[in-house]
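Take a look at these structures.
The following pair of complexes shares a single chain, chain A, combined with chain B in the former and chain C in the latter.
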Partner chain A sequence: MHDANASRATETSVPLTGSAVLVNAVGLHARPSVKLTQCAKGFAAKIELALVADGPWTDAKSPVKVMRVKAPQGATLHFRVTGSDGEAALAAMLALVHDGFGEV
Partner chain B sequence: MTEIHLTGRAASPGLAIGPVAVLTAAVARRTATGDPAREAAALKAAIEAATAELSELIATVRGEVADILEFQVAMLGDDALTEGAYDAISAGIAADHAWRSALDAEIAGYRSAEDEYFRARAADLVDIRDRVLAHLSGAATVANITGGSIIAGDDISPSMFLAADWTRGGAIALAAGSPSSHVAMLARARGAPMVVGLGPLSWNGRPPALALVDGDAGTVIFDPEPETQRLFEHRMAAANAARVAADAGRTEPACTADGRRIAVLINVAAPEELIGLDPAICDGIGLVRTEFLFETSHGLPDEDTQYAVYRRILEWTKERPVTIRTLDAGGDKPIAGLTAESESNPFLGLRGIRLSLARPEVFRVQLRALLRAAVHGPLKVMLPMIAIPSEFDRAAVMLDAEFNALQAEGIACARPPLGIMVEVPAAALRAEYFGAAFYSIGSNDLTQYTMAAARDIGSVADLNDTGDPAVLALIARTVEVGRKRGVEVSLCGDAAAETRLTTALLATGLTTLSVSPIAVARLKAAIAGFRS
Partner chain C sequence: MSNSNSANVGIVIVSHSPKIAEGAADMVRQMVGNAVPLAWTGGDIDGGLGTNVAGILEAIESAWSPAGVVILVDLGGAETNSEMAVEMLPEDRRARVVICNAPVVEGAVIAATESSGGSLLAAVKRSAEEFYA
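And then the complex of A and B:
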């Protein structure tokens, strides 16, 4: 899922970062991954996630790539967001993880 | 033509005869065009068709099955899944080979995952792979399996099961699979016979035309001789006649030929099983398994979620008693984030009450939900895998503590009777030393622990017999203790539904049996034929 708008708008912005602990019992697997990527796609910003603060970074809009991360319960998810609506995007991502994807 | 007899494990009862639809043969050969542009277009069209097919399927299902299908749609719609295949196609590889290699690489990543949950998702990727391959090759897709067919294959996904038409009979015969799978549950609910664990299905290159499936005995006969088929059809006709007769008496109370009243209760593994079921067919619910609440992808269920489900079940029975078993995880029922991993023998490990006592923060939530639900009907609470009296005592202390806490908080609650499952021989041998309000014999585990033989290990499966005198002696002993102590004894394992064992079980003095809803009519008919 390439988002041309996002990359154009963000070339000069400084990335925003934040992190949250995965509280739902099975980690970032099928349903949470779908939820997370759907939410991410609602923003123009480039959104990436990682298991450690300095990467490697994964496109948070790709369910296939997010599933490859295999993030278990208790893992800390780091987010890196760049784009005009980056602040809202980061807040939404962190809220989703905090709330256990609305399922805990 | 020689008939092929295969023995597996019964996963859903009943007899069926029908043409064989081999799942693994669904992927037919495809002739590549040799033109990368046309190959890429063919793959694109196949992915779109597969996505459309899944979306149609989603509209017909709910809950967890829908979630899994939605996940598949999301994966199919992601360029990251397909880019490898398109790259290979532009390098001159045929579309089906390119797609298969790309997906196989992805699947290998899942299979190597440490986490059981991620490993289990490999099956979804296989589902995605084969659905697209079927469209690429123009082979009949699973949605087109003719009603009344015997579906044969390695394993079958819930989406495949739901896509097939079960109104015209049919059955499932699997090389692998499990009676505790989601599909087995669906098959029992729909009355489709199912046998799993048949071992490799090899037909020397030529798939069979016809199959006889015995979902009671767990056997399948492929390409039967005319005489075999005739005998089977006789049995089917007799079974159908018996079922019609039994169904007529389904809502009648069960009585033996000499007038002894036997309580017939039902086992429930998920509340969905109660939809459309008339509570008048049973004398209550003898076993509610609560694992379904914990097996979802939603994480551990909170108190309110559990309370709502328990209450709904109590309201369904309309004042008939309901026995809810506390979480029986571990053994063959792992739950991510809760059960112990890599035990060398999970059946002898941290499971049932042992796990609940080791994780009091999880157990306490369930006890509170049960205490609150108890105000809505005659609830009993049952503890699984009890071996020694102190396990029961510790659970009883926790139940009382939560009862007092809820009362102090001013929350409506009632203290339900607390009983034990008798499934460890130690508990059967010392039943009188437990302060239990009732005993419920879990014949599956009692049999496997007594005979030291697992049902799913084919080479020793004949030892796993609840009708063995040693197992029956433990059952009779428990019944006798219950009689002396004046508390109820019931049996809720699969043996209760095996009508060949009904005589032996009733002879132990048992007066309460609990079976899956589909087996109620059959059991009542078998009871009516018993005379002591």
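And then the complex of A and C:
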């Protein structure tokens, strides 16, 4: 459902980027990964994350792929967002990380 | 044992051990929340380790969603009994119930995560099966 919107938006907008430090004790483990992908799925935008600013990029809507990143506490999460609701999506992702996924 | 509160794809957990099935369901509820219909079943009809077709049918019924249901199974009989349960469903429902080739605990959490975002049946199954990819 969202995919079609996202790919259409991709053609018309420039990627937005932003980063935030993982503050919660466990880093990007199972529970935070689930919260992050759930949040990402709420947006039509294509949302990717990486541990370094130039990638490799991981689809933030895939719980399995996000867990495989195994980002530890203190790591910086970079986001790259493309789509019509990209601004809101990026803000939501950064807020989630800043707030330690509600675990801090 | 379960509840169903949305049109998202339902999740059924089938284990030989009712404790494993219930525990996996607990993990789904705590990690993913209540946005997906969820049911579990485990044990044979005498209360021992095993699975039974009636219990699986009941779980499918209770996790039913118009979007369909994915079943996570552990070993051998859990899968064959689940296949049998699917075959016994009314024809219009049969095509909307699929068994995932995924680890039961991890697969259930991932499938529920995918489902909670409103993904379609095939995407929910695919996501759970990424664990073996």
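Descriptive notes on the structure:
Operating definition for what follows: the second predicted complex is superposed on the first by the 102 of 104 C-alpha atoms of A that agree within 3 Å, B and C clash if a C-alpha of one lies under 4 Å from a C-alpha of the other, contacts with A are read in each partner's own complex, and residues count from 1 in each chain.
Criterion: contacts are C-beta pairs under 8 Å (C-beta built on N, C-alpha and C of every residue); 3 or more make two chains touch, one makes a residue touch a chain.
In this text the structure is predicted, and so the values were computed from the model without any measurement.
By the touch criterion defined above, A:100 lies against chain B but remains apart from chain C after alignment on the C-alpha atoms of chain A. Using the contact criterion defined above for the overlaid structures, shared-chain residue A:26 touches chain B, although it does not reach chain C. Of the two partner chains placed by the overlay, only chain B lies in contact with A:72; chain C stays clear of it. In the superposition on chain A, A:63 contacts both chain B and chain C. Contacts of A:41 after superposition: chain C is touched, whereas chain B is not reached.
More residues of chain A lie in contact with B than with the other chain of the pair chain B and chain C. Residues common to the contacts of chain A with chain B and with chain C across the two structures: 1-2, 30-31, 34, 37-38, 62-65. In the complex of the two chains, the chain B residues touching chain A come out as 67-68, 70-71, 74-75, 78-81, 106, 109, 113-115, 117-118, 121, 124, 297-300, 302, 336-338.
Contact residues on chain A toward chain B in their complex (touch as defined above): 1-2, 23-27, 29-34, 37-38, 59, 62-65, 67-68, 70, 72-73, 100, 103-104. Taken together, the chain A residues at the contact with chain C in this complex read 1-2, 30-31, 34, 37-38, 41-42, 61-65.
Touching chain A in their complex are the following residues of chain C: 31-33, 109-110, 113-114, 116-120, 127, 130-131.
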